[in-house]
Amino acid sequence: MTLSMNTPEFLVERDLDRCIKCQVCVGQCANEVHKYDKETDSLSCDDLACVGCHRCVTLCPTHALTIKKFPLEFRENANWTANTINAIYKQAESGGILLTGMGNDKPYPIYWDHLLLNASQVTNPSIDPLREPMEVKTYLGRKPDKLDFSDGELVTEIAPQVELELPIMFSAMSFGSISLNAVKSLAAAAKEVGTMFNTGEGGLHQDLYSYGDNAIVQVASGRFGVHPQYLDAGTAIEIKIGQGAKPGIGGHLPGEKVGKEVSETRMIPEGSDALSPAPHHDIYSIEDLRQLIYSLKEATRYKKPVAVKIAAVHNVAAIASGIARAGADIITIDGFRGGTGATPLRTRDNVGIPIELALAAVDSRLRNESIRHQVSLVVAGSVRNSADIMKAIALGADAVYIGSSALLALGCHMCQKCYTGKCNWGIATQDPNLVKRLNPEIGAQRAANLLRAWKHEIKEMLGGMGINAIESLRGNRLMLRGVGLSDRDLEILGVKAAGE
Amino acid sequence: MKKIYAQEKYCIGCRLCEVYCSAVHSEYPNDLVKAFNRSKIVPTPRVKVEEDRPLSFAMQCRHCDEPHCLKACITGAMYRDEESGAILNDAERCVGCWTCIVACPYGGIFRDESKSKVVAKCDYCLDQGDPACVKNCPNGALIIEEGGE
Amino acid sequence: MLREGQVRIPSGCAISGIINRKGNRFSGEKIIDSIAVMHDRSNGLGGGFAAYGIYPEYKDFYAFHMFYDNLRAKEDVEHFFNEHFSVELSGIIPTRKVSSIKNAPIIWRYFMKPLPDKIRDSELCEDEYVVQCVMKINSKFSGAYVVSSGKNMGAFKAVGYPEDVGEFYKLEEYEGYTWTAHGRFPTNTPGWWGGAHPFTLLDWSVVHNGEISSYDANRRYVEMFGYDCSLQTDTEAITYAFDLLLRKHGLPLDMAIQTVAAPFWDSIAHMDEKQQKVFKALRITYSSLLINGPFSIILGSKNGFVALNDRIKLRALVAAEDNETLYVASEESAIRAVCPKPERVWSPRGGEPVIGLLEGADSI
Amino acid sequence: MQYVIVGNSAAAIGAVESIRNYDTENPILVISDEPYHTYSRPLISYYLTGLRDEESMMYRPKDFYDKYKVETMLGRRVEAVVTEKKQLKLDNQEVISYDKLLIATGGKPFLPPIEGATGPDIYNFIKLDDAKDLKEVAQPGKSAVVIGGGLIGLKVAEGLLKNEVAVTVVDLAPQLLNSILDATGADIVRKCLEKQGMEFHLGTTAKTIQNFGERKIVGLADGKEVATDFVVVAVGVVPNKHLVEDTDIKVNRGIVTDESMGTSVEGIFAAGDVAENHDILFGQNRVIPILPNAYEQGQVAGANMAGQKSVYPGGFAKNAIGFFGLSMVTAGITTAPDETFQEYSSQPAEDRYLKVVIKEGKLVGFVRINAVDRSGILTGLLMQQKDVTDLIPQLISEEIGLINLPQDLRKARLKGDAVQ
């Protein structure tokens, strides 16, 4: 053993006047921060183990606990910040890649917060969603260029579509990266509200086949859990090429998380590491993608739309165009603030581009090529509230995926320790002691409530714009204005500056 | 009648049910801090969390249709509340002989440590609205409803 | 000040339309009298008319009404015309001095046929060839603007109150079987003549009242199909939408109407299975052509007109029938001014079209 | 329809409450030779120590008879039952007719053959009146000999000791609480009581009681003599069945009853300490003179009297008692009678002892001294006669819980499924 230079990130403070020594905190902390000493009838804390997940704070019945940033400071240095220094200590100790969870937390510009929505005043009326119908139903899938009628009868057959009661879906989060109860929560919420959850690359657990109508089943580079029944079970199939939190690299579910259920669902031996390669080994170019798309369509007798998900990287627009032309019905773009269960820190924080710019670029590019209407565009990567969704749709998205927001609804506290498997909220864990902390009935209610609340807000904002159907907002960039953006940003976003 | 049921799969073993049960049966039913820090002896919770991780559940009186405790009670302290149907123990009449404890196959009756020789059992918090254990279960593991799980 | 095409200018308006369904022509006086009643719905910053059946002697020729800011523009465009068309006749459009109408551009009229060789080279059908020429002039020729380009029809518009515009263009001297009129109430405009309405393409004309909230969604959709919404006006986008649906995609009129004023999903859910399939297909395919926000429009063509409200009727629209004549207008007074006792007057419901077709025409 | 119940204790009350579940109209008459409102018989020891007075000993509230529409004849003794006429003869010659009769006359003290065992200053400890009498004489500084080291004997001994009476207990058996406790457990109890100053003469019996002035001398079989101020004979109870003597109601040790608590004569039922019924552990008919059984038998009898089909599943002994802060529960067979039974126990400590008796993998008895909590879980296992082979370590641990039960049983308990 040598000296570790790790210092606590958090300071756990216990108000002894309030503490009743019920020891709920002791039982609830999977990191074993709290300890009860019988001999002295007192509680103590190990600050170093605290990840700041607030489980103890939330469960403490007398609010005797609070968690603060550990006040230890290095000599002030704008270049060598505490984070930077501590990362070096850690790597010097471990010799390994720094891992993290959830999305990029660095202070890059958040373009959502530099875009403002319009509302009607005088020249046209706003619409009150409580009095007038307000439609947010959305169909994802390939659309024809035109409809053909013969003798007044429609002759065009519409390709299979994903019907959404609101343009918000739950992002791909695999069973494995999150608990079965978390997946169940999202599946049930999707069913209740009329939208989709996405299996991620974790396969579809037997218990969840009944939610197939609300599932988008993913085919990723590891092909975990992919078999004919799986493909048939979902409403759509998504080929995952990349993920915003880790563009260009694969996935790794450590063997200790591969318990019986995960092993059966993924069709891999219990306890074995589930390694998703960085590329699909049968896709080394766009024409290979086309083959996979059509293989999946063949396998499902052309009854399921096929989506392709990519991370937002520098030339995302050209890639998206290629994907549309390769036959994808839906293109999913995941921005660089998208979350994950585990990713190398440096990749997460430095690779990819913001979803707002990627979306604008892709939408514009597809329109310039006159193919935007043929495919649906779904965006992901830190959609934090209903206003973000409004802005995404106005920029050109058909729908959005929410991952982190959905997990927050289930109780996630953004401690970014998903990769440890010790999620105290029962979400990013396979430990049966922790998994049961998420009651999927409650989880489903909370996730469904979030969607319902956002739906209300979307309707309010649409009504304010004098719009009563969400499609009239789609690509309607006149409904946006930029604030505090450079001319170049505005040009890429295709929006005017506020005041223009 | 409505009964409290434990859903094992959602019980997280936090014991908040016990904490709140003790408090509402203390001199300070609405103040946890006082209930625990000022009571001479904190009342024994009438709900018991049993745990053998990952299994855990909270257990209290089943308020049986054919209550063994009531039949066994030597003093007549144990009675059925006519309005609610709950099986209640009249602490004034109870002598703490523990016959009900040995009679109850559910293990749902406890010795009340805060009083001398009286049993403590679930009273549905009849004077408090919904039972405190149900109200304060953070994970919906205790539900009050007609019929079983 | 930026003009239409450089900036988007919302406006409120008055509209009126009259058709003699037997094809009997009548003088422009009537439509002027009708639109004049709604003086208060305009603010003098734009008025205009579309007239059908006014050039029977040149009915096989595309009648181009042009505005030129200067002679240079006129020269350039005429050079372009000569390259692409055979010009049968050209000349100034007669006007009279009206004190309130100022800053008139050069207003010229051409009767032309496209050059067959050029059409062949372009691999386009004749109509599309003409459309592409119109788009090119409007976007590429500075100081030139195509006011109308249909056959046996023409648009007359100016900055001013519509009744003054009618007087300016001497419309009492024209006879047509369909007339539509527009009085404009823009919130800000430098008073560019091209920005006045109607907006036309081939023999489509659109007069419109309202400010559509779906504008940019509609615009960006039609622009994928070769249109260039250079004016940034609702009327322009609506015209192109109808041109796309009716002419290019060949949708039946009722389907085109149900596209821009689509039934609600709730209503679709109550339709029979076959209907559901059709309406679902319409809404799924043409979701970006749903026209949202308040509007009432009159879409004119050689076959007649269709008047339509937005689907929740956020703008006024009244219709009346008297014998062979059908009237539509923003206000009932505008109808009664020229037809005091119509046989029937009604207020069409939101999304429910009023269709006036010439006898023998099965679609617009 | 006239219901008549002879007796006014747990079995009688059980019957009344049960009858009124099904029949709210027809008259019920309760006759008892004791003049009191129904009271809890076990509480007489609390009366003796002063923890309870007459008022607070009531087994049911004061308005019980009104509420249940019960007529009472208290302080009236039934002399005989005339089954052919369906009549009762009372001590005042009154004759009462019945349609359905419950005999719940309880037990009476067993009086062993001791010379001089009658007369003043010789007491029993069964009824409230006994307690009242004793309370009078139990003055500080006095001394008493309690003959009998069973439940009643020790409770009265404890009560007397708490009244600062010097107590000597005599019992024929070599251990205390012979009927409910094994030798090891009994030893813990004896030590506890000895610590409080109680004296014991075990393995011998009283042969004579002689007056010696104001005092008495109790002569023991082993030749010793104990001088005392008064004597309590508390050797046990026997069924109080005088009523049915010379009738065609079948009697063994107690009145023989079937699973409906009916006697051999139709319309006549018996319940409580006077009746004998199936002991599920011994597999034979026995009198099990404990209150819970009495109440339950009364309930079954009452239901059947009211025309229902109610079955008494049989019983077994279970007791919860305590002396000077030592509390214990016991049930069933506490000492293995032969090698077909196995005993398992915790290491006995001064104040803690846990033991189970197993036969063919099933729990047939247990002892838990100072480990009362949740002992009913064992009772449930015993009642259901489930195989507990895998649970034995838990059964003799203080921390027994439902969590230790097999999953099906645990789920059933959590659901609240009835345990019969």
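Worth pointing out:
First chain written, first letter: the chains are A, B, C and D, and each begins at residue 1.
Methods note: a contact is a pair of C-beta atoms (placed from the backbone, for glycine too) under 8 Å apart; a residue touches a chain by one contact, two chains touch by 3 or more.
This one's a predicted model, so the numbers in the text were calculated from it and none came from an experiment.
Upon removal of chain A from consideration, the remaining chains are partitioned by touching into the following groups: B, D | C. When the C-beta contacts at A-C and at A-B are tallied, the pair with the greater total is A-C.
Across the assembly, the mean Cα position most removed from that of chain B is the one of C.
Compare each chain's C-alpha centroid with the centroid of every protein C-alpha atom shown, and the nearest one belongs to A. Measuring from the averaged C-alpha position of chain A to that of chain C gives a distance of 47 Å. Taking the mean of the C-alpha atoms as each chain's centre, chain A and chain B sit 43 Å apart. Chain B and chain D have CA centres that are 29 Å apart. Rounded to whole angstrom units, the spacing between the C-alpha centres of chain C and chain D is 105. Chain pairs that touch, as defined above: A-B, A-C, B-D.
Note for the complex: chain A touches chain C at residues 120, 123-125, 127, 132-133, 135, 137, 139, 143-144, 146-149, 152, 154, 156, 158, 161, 367, 370-373, 465-469, 471-479.
Chain B contributes residues 3, 5-6, 8, 48, 50-52, 55-57, 59, 62-66, 68, 71-72, 74-76, 92-93, 95, 97-111, 148-149 to its touches with chain D in the complex.
Those residues of chain D that touch chain B in the shared complex are 14, 40-43, 46, 51-52, 56-61, 291-292, 295-296, 299, 318-322, 327, 329, 331, 372-377, 379-381, 383-384, 400-403, 411, 413-416, 418-419. Within the complex formed with chain A, the chain C residues making contact are 8, 10-12, 187, 210-217, 220-221, 223-225, 248-252, 255, 262, 264-266, 277-278, 280-288, 290-294, 311-312, 314.
Interface residues of chain B facing chain A in the complex, by the touch rule stated above, are 7, 9-16, 18-20, 32-33, 35-37, 53-54, 136, 138-141.
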